[in-house]
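In what comes next, chain A is part of two complexes: it sits with chain B in the first one and with chain C in the second one.
And then the complex of A and B:
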């Protein structure tokens, strides 16, 4: 188990290095100039700006400097181009927790909803509840989150107008009430995905021998459902949970934008638009490492949940 | 374990993000709440360039002079001043204080100006200080910062030596780059200066009481401000920061913010909601700029004249922009620019081309004769929806009226700038906003030495007229030169004015006294108040 984990970690480090290198190369291929702004500046000022960000050196040297700065234990991504007095490390430190909380809530919504609805559709297979839920699932998978975000916000505006009191805030960040709608909206896509996955894996286990044995033993249907069916059916759901956690935590930029949430996602997107080299590198490497870590964590956890995996 | 971690994360958030205020305006506490489209990227006044930073700085800092509610210059830190052709003297008020209670002195201005001009600071707005003796040479790294033409005869008297006579110098000193910076504080903060609420010291009507990046920025009345009795608001809270215009509108409808801008889309929703819509002219001019570099088809004057005779700015304003507040563009100089005694527009009416298809076709056939073949013209525009609409309109117009093929090149902000600088376009959709209250903020734009002259238009006569207006302090001489220059811009069809930008916004009916400005902080809530 330990060797397995270590192997995965080494592979993870190589993956992150690859992500960093690919991003670095791609970023420098994007046409445009990170130091250019509305007002043109003289050559002297430009040279000083280039010097400040190390852009006066050849690209290969910039790459080596970037790599050596990135190394643990004290990775330093430098200073932002757009906010010239903020370190990229501070940007990540300030804004990732917000994205993480939003993501954590969203994934909670998604998992609980996905398991519940998935189980329901399997139990009521080919009956009305199944059809209704599966219709909503298709909707949840195909409608992008920015549509849900805009609709969700509009719903809040109308509800608040109806009751004449700002019951749930329409945007902003700070209290649990602020987090409800954005995390629900963010989690909908994953919830739909998990529902479908849960449904098919529930249907798969329902005909297994151990279920038949349990029935023959005369166990109550509830007990069979909880103890035998659910426990076995949930495994595939946990497998995709790792990448989904990373995807939700990092992919919330549209929701952050609509609900005015100070998460890291908007920095990620704005940096690309503004060609903010240091923030692009910092956020990509950080998110890349986070994704890799999540996948490894889930793989390792998997062994604890399903003893069969551990034995192999 | 996971649960504990989640609980910890949650508690971290709760501790850092304070409770959001309940209403957009509050009479009893004189508090207002509004939203920003982005967080101010740079609150270091020596380096700020963007509108949002200038807006915030205008509330928390004060220069030697400031603009009053009507847009006229009024005393700020300086009680009075005297400007001659070669120098300017400012007498600072003794009760002007920083937010820690220490006095604002002449040395704070000297430090800020020297530092902004230091090439190591790499301030993009350093050029606005070039009115001072030796400023340009210092900024080019040819002289030390100590050579700057400014001294303090005592703590409260600032003496400026000017590079040359400059009639509008006093107006320049209202600009952000001219704000004071206190040396001991600045040096104690190092590279973190102005990065957070506590990393900045204030001498304006408000201080930043709390700043949570990308979430909120709250300003509180500054108890040390010398004119605090003129300030009614106790707090200006910015509780929402997002570029999503629909979120702004929703927040306004929900009663969470007192003021918000509208765009083409949200404008229609605001109309359906029967909200009272205000409009305001920003004073910026938008135009199509031609590439005058040799070898480009647009360097041919006949092509430019042909386009001039088919393009109708009024139609663009009414049919393409289709929101209130915009004015058809008539000249490089917007309607608000002041002339000798009244508006420049009234004293020197801009020449306008009649829409005349035959004339346009005549010009075009002359162009074809000279160029033999006219390649499709590249129209470079930004990637905003409104810029796309405009580009499509121009493309359709020139094809249907003149048979001119236009290739629209849509680019993101940085890419468009790179292409503008390298001259990779025939026509570019551009705009210019004023920095200070003088005709020169527009006049020198097409001078051969101006780095913002992206189409590289060069005309010795134009350059001469700019110099005449720069070197003279006699209003009549200056305006005459600018009048002639306006004629050249038209005769040479250097640019094609499209529209003077107007913006539309919503404001809470109980919020009064908000100033909208052409230059300086906009919107300005400094003298605003909440009525019952």
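And then the complex of A and C:
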């Protein structure tokens, strides 16, 4: 298990290096440069700025400098081009925790809801609760999150108006109350997906021979469900959880935008629009490393639930 | 015959499918004696598995439906009980093992836990006691290093070991009947012999009855005391193992025997297959189910369902050829045919 984890980590580092390199190349292929602005810049100022950010050096050298700065134990992504004197490390440090909490809550909502509703639909297969939930699932998968975000805000406005004070804030960040609606909205798509997956997985497991064995042993339906069905049915759900964490944390910026949440997503988008080289590189590599780590974590976690994976 | 432990009478089971209603079991009756082995023999789809699964309450309802019949376990009907009442005898009075041991055990639970579970549920044992007893059970089914094995998962076991573990599990509460649904079909021949030997030994020590479902006549000859031959959802012939093998009274039994390779190499003696395929149970034939394939079929067989003829002590056959007016068929009812 340890060797397996180590192997995955080494592969993860290589993946991150790939991400960094690809981003670097793609970024420099975009027409224009970060110093272009509405205002005319004199040649002297331009030269000074280029010197400061190291843009006067050949691209290959810039790449090497960037890589060597990024190396642990003290990765340094440099200074932002557009936000005067702000270090990229600080931007990440200030804003990533917000995105991470949002993403974590969303994933929690999605997983718990997905497993619960998936199991329910399987138990009530082809009966009314199944039809209702499956209809909602299709909505959840097909409606984009910004629509849900707006609808969620509208709902909060009405609820608050009804109560008379701002019980659950419509936007902003700070308390748990602030976090509820955005994380719910963010997790909704994934919850729908997991519900479907859980449902089909449950229905598959119900027909397995070992369920028949469990019934022949004279176990109660509840015990069969908890001890024999659930754990086996959850396996495919866990598999997909890694990529879904990726989707949620990177897809969070729309929700962050609508709910005015000071997360990292906004800086990421802004940086791409303004060709802020250092911020693009910093956030991309950071996100990349984070997601790789998440996928590895999920894979290792899988080993604890499925003994067949553990020993490999 | 007062040592009857299970008496099944007139069991009929049907399944509602998209294609129509399948009459999988059509009026099956048999008895199981204490400490004896009843083998139910027949080809795939003849309803033998459905018969025992209905008794255990394992047929899914719907689409399955038990139309008629009773199954008296120690004089008490166990057919068509709700789950809660059924769990009073499942795993306690009747244990069951299945065809494919690889898929019949939960892949994410240790073997020991799966055996202990039965003891915890039915005997109210603590987790620890149950686990200890599970190890003893594994030892009794001759699994080496039982304590270590109990902590392992099904994927770490071989097929034969898994079937031993299944047997250990089904014996946990000392059931009076063990239902074995094709227990050796998925195993190779040497392992098959070991499993059968184990079952016989446990039967002797526990004075347990076995209902053995199989399509393998060699297994029947080795294991059975009584045999019921099933065809198209009916028992066409039943009797002691000697009656069935040496005085076969139904052309189907004879056909099965002739299709079985013998131990002695003999170039001249060819195997005779049974031609055709079983009747469509969506619309069961009016007369004898075997009519279309029977080499000795008579006119009456097509329209009239054969009666049950008693041929001797506990030897019955459902075939018109046993009627006093029927022509004699040389091969039937003969010693050593």
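Everything that follows uses one rule, which is that the second predicted complex is superposed on the first by the 311 of 312 C-alpha atoms of A that agree within 3 Å, B and C clash if a C-alpha of one lies under 4 Å from a C-alpha of the other, contacts with A are read in each partner's own complex, and residues count from 1 in each chain.
The definition used in the following text is that a contact is a pair of C-beta atoms (placed from the backbone, for glycine too) under 8 Å apart; a residue touches a chain by one contact, two chains touch by 3 or more.
Computed from a predicted model, the values in this text were never measured in an experiment.
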Notebook entry, point to check: Mind checking chain B and chain C on superposed chain A, clash or fit?
Noted result: fit
Note to self: Is A:231 touching anything from chain B or chain C once the two structures are fitted on A? First, second, both or neither.
What the structure shows: second
Next item on the list: Once the structures are superposed on A, label A:275 by its partner contacts, choosing first (chain B), second (chain C), both or neither.
Entry: first
Note to self: Output check: A:98 vs chain B and chain C. Expected answer is one of first, second, both, neither. What do you get?
What the structure shows: first
Note to self: Nearest 10 degrees is fine: what angle do the Cα centroids of chain B and chain C make about that of chain A?
What the structure shows: 160
Note to self: Looking at A:74, would you say it contacts chain B, chain C, both, or neither? Reply first, second, both or neither.
What the structure shows: neither
Check: Quick one: chain B or chain C, who's touching more of chain A?
Finding: B
Margin query: After the superposition on A, what does A:219 contact: first (chain B), second (chain C), both or neither?
Written below: second
Notebook entry, point to check: Nearest CA pair across chain B and chain C in the overlay: distance in Å?
Noted result: 23
Note to self: Which residues of chain A touch chain C once you look at their complex with the stated criterion?
What the structure shows: 208-210, 212-221, 223, 227-228, 231-232, 235, 305-308
Notebook entry, point to check: Once bound in the complex, which stretches of chain A touch chain B?
Noted result: 30-34, 36-42, 44-45, 48-49, 52, 79, 82-86, 91, 94-95, 97-98, 100-101, 104, 150, 153-154, 156-157, 160-161, 166, 169-176, 178, 257-263, 266-267, 273-275
Note to self: Under the stated contact criterion, what part of chain B meets chain A in this complex?
What the structure shows: 6, 9-10, 12-14, 17-20, 22, 35, 41-42, 44, 47, 49, 119-127, 139-141, 191-195, 199, 212-215, 239-244, 246-247, 250-251, 253-256, 411-415, 417-418, 421, 451-452, 454
Note to self: Under the stated contact criterion, what part of chain C meets chain A in this complex?
What the structure shows: 56-58, 83-84, 86-92, 95-96, 98, 100, 103-109, 117-118, 121-122, 153, 155, 166, 169-170
